[in-house]
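In this document, chain identifiers A, B, C and D correspond to the written order of the chains, with residue numbering beginning at 1 in each.
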């Protein structure tokens, strides 16, 4: 188990040999990955494949935040959870799955709803943040938090038969508020629990989130900064579009922004978006 | 557990409620999916997410074929396998993972290398075939088999930092031989075990294979027939290109083809491609 | 002027039969040579949106949460409402998703 | 004639520094007006391929296992070697992958 001069143990060299063979990744990429700390916020449809692939490919420390419990109607898309974990905390279930895949990395369980009061403390322990949540106030909160703490944010979303993906707050790319300074009307804020989602659509986006996190953590390739991927599952079409850069006038990340950690902790994201962070309603499906 | 008039049990209505809510999928899509039989050939990098998502979203019968055993250096990308299954048959490991996610579907284990002598019998039990193998002779064999048995074939591939995906032999789309009548020189046939692969790249392609299988099984949307998706992970680019249709002169699927089941069973795919089907060599990684 | 319009992220639900892709012919206002995005928004509201127009338009622009792309480029980079369209341009209106 | 050439699926390893994307200027042969795919293959072989040309060309076409795409369309649908290229066309050469 001794470490060789390249910083990888012999166990790691064997386990990750297929990645070490890659000229564009190699030992240096794997070493950087093994030193990186990645936080996945949300152990649901997006977080399931994101966390599993981040664990399997060898990030050094993987944190998972979620305050929810596994329900049977999550399992059609949240492949990290098995039936035996129904009723148990999602974080506990997800962490167990990640450890079963790779016992050599550190997996940290944050079994709580991410909230302005705990977000700074949790997010600050990581280098890269994956937003795998399912609601609008969390998306604003996580983006603001990443701006305040200067962390790159890999933001994915999926609903129905569509998905979206981009990297915020990284290499001149905008923050969520640069793109969406004003929240949409709450009637436009559909969730998977209201509107449904085909299981594998968040799978595709969650995998791509893991990929972007790996690229940033290992410092290889061109991240999806300043670009957004739009995925339409039904027609099997993908658009990758150029989006605006960081807005100088942005109230959060702009040049004259005075948004502080204290303001962040006091900001009422649910009121700002007129939309709840936690979704415990159970829609009735009547057929 | 009684079935209602729409063919779905109350358990299914609860488990799949998020998919039933989708106007473009709904009860009819779920019902068709629950009656479909999908075969995943290969429980490796592509087959891992493909099988897990097919199981979770509710195909009626999921078959998995593989003759290999789980190795530690598979685990950086083959997220269906846990460390506790190292040394055990991949099919056994994969089937256990799928059953743990969804005990209400039928999972069939074919613990053998797919070969012309057993392929017809196995493939014929399914409606949709997912090629998640890692070698050229298997790709020709599976395509020929799907032509002979008239099955749609969802073909994915991943190597290094790139992936490819298309649907063969479906709605006028070509077979593998229409595109590649002559095999490439064996020097061009790199494998993940020789050249490496970044863990999450087959993850992205395998998810998309599951998606295409679901679309065909449930008869929704436009499958990737006559189109090919080209994915470049490093630059985060996706191209979806138009490819030729079925070739009238194709020796296998063409108008005057006389390729029979008997010829298929006798065909030597390893000799044809000058490349082995099973890969048990262990490359040395010296650093 | 022939344009391809695409609606996504749920905006297609505001259109007839929820069709996402539309090949349309939009004429400049009388006395003008060009079609701007401002003109196009008016045209879309009048000709394509079948219900809940407030989910598409707010004031003289799109509602918050909608991204507008001209030939796969954010309209903020091409002049926003004043962007002048050209023959065969592709304009995408997409609502941001929040689900997971 | 300005063309964008892209190499993938491992073909980029045959090029200098394994660069995938190339913006090039290809002139018609003397006495001819057009550049065909046949001309382009000769030009690529002479100007871009740095090693193992047999992994790119076989006979007068690409080797088996290579897909050729002109503006995101299989060259079999555009005339194969006789396809005539136009200004700003994008030509992709991609080797089929077998891994998983």
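In this text, contacts are C-beta pairs under 8 Å (C-beta built on N, C-alpha and C of every residue); 3 or more make two chains touch, one makes a residue touch a chain.
All figures in this text were calculated on a predicted structure; none of them were measured in a lab.
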Farthest chain relative to chain A (centres taken as mean CA coordinates): D
For chain C paired with chain D, centre-to-centre distance based on mean C-alpha positions, whole Å: 37
Inter-centroid spacing, chain D versus chain B (mean Cα positions, whole Å): 30
Centroid distance [mean C-alpha coordinates] between chain D and chain A, Å: 39
Multi-chain contact residues (two or more partners), chain C: none
Shared interface positions of chain A, touching two or more other chains: 160, 192, 195, 197, 235, 240
Every chain pair in contact, whichever chains are involved: A-B, A-C, B-D
Residue numbers on chain C that touch chain A, as the complex places them: 8-10, 20, 54-55, 63-67, 69, 72-74, 76-77, 92, 94-100
Residue ranges of chain B touching chain A (in the complex, touch as defined): 4, 6, 8, 13-22, 24-25, 27, 49, 52-53, 56-58, 72-73, 75-79, 81-84, 100-103, 160-161, 192-201, 203-204, 207-208, 210-212, 214-215, 220-224, 227, 229, 233-238, 240, 283, 285, 287
List of chain A residues in touch with chain C within their complex: 42, 44-47, 132-136, 139, 156-160, 162-164, 179-185, 187-192, 195, 197, 202, 228, 230, 232, 235, 239-244
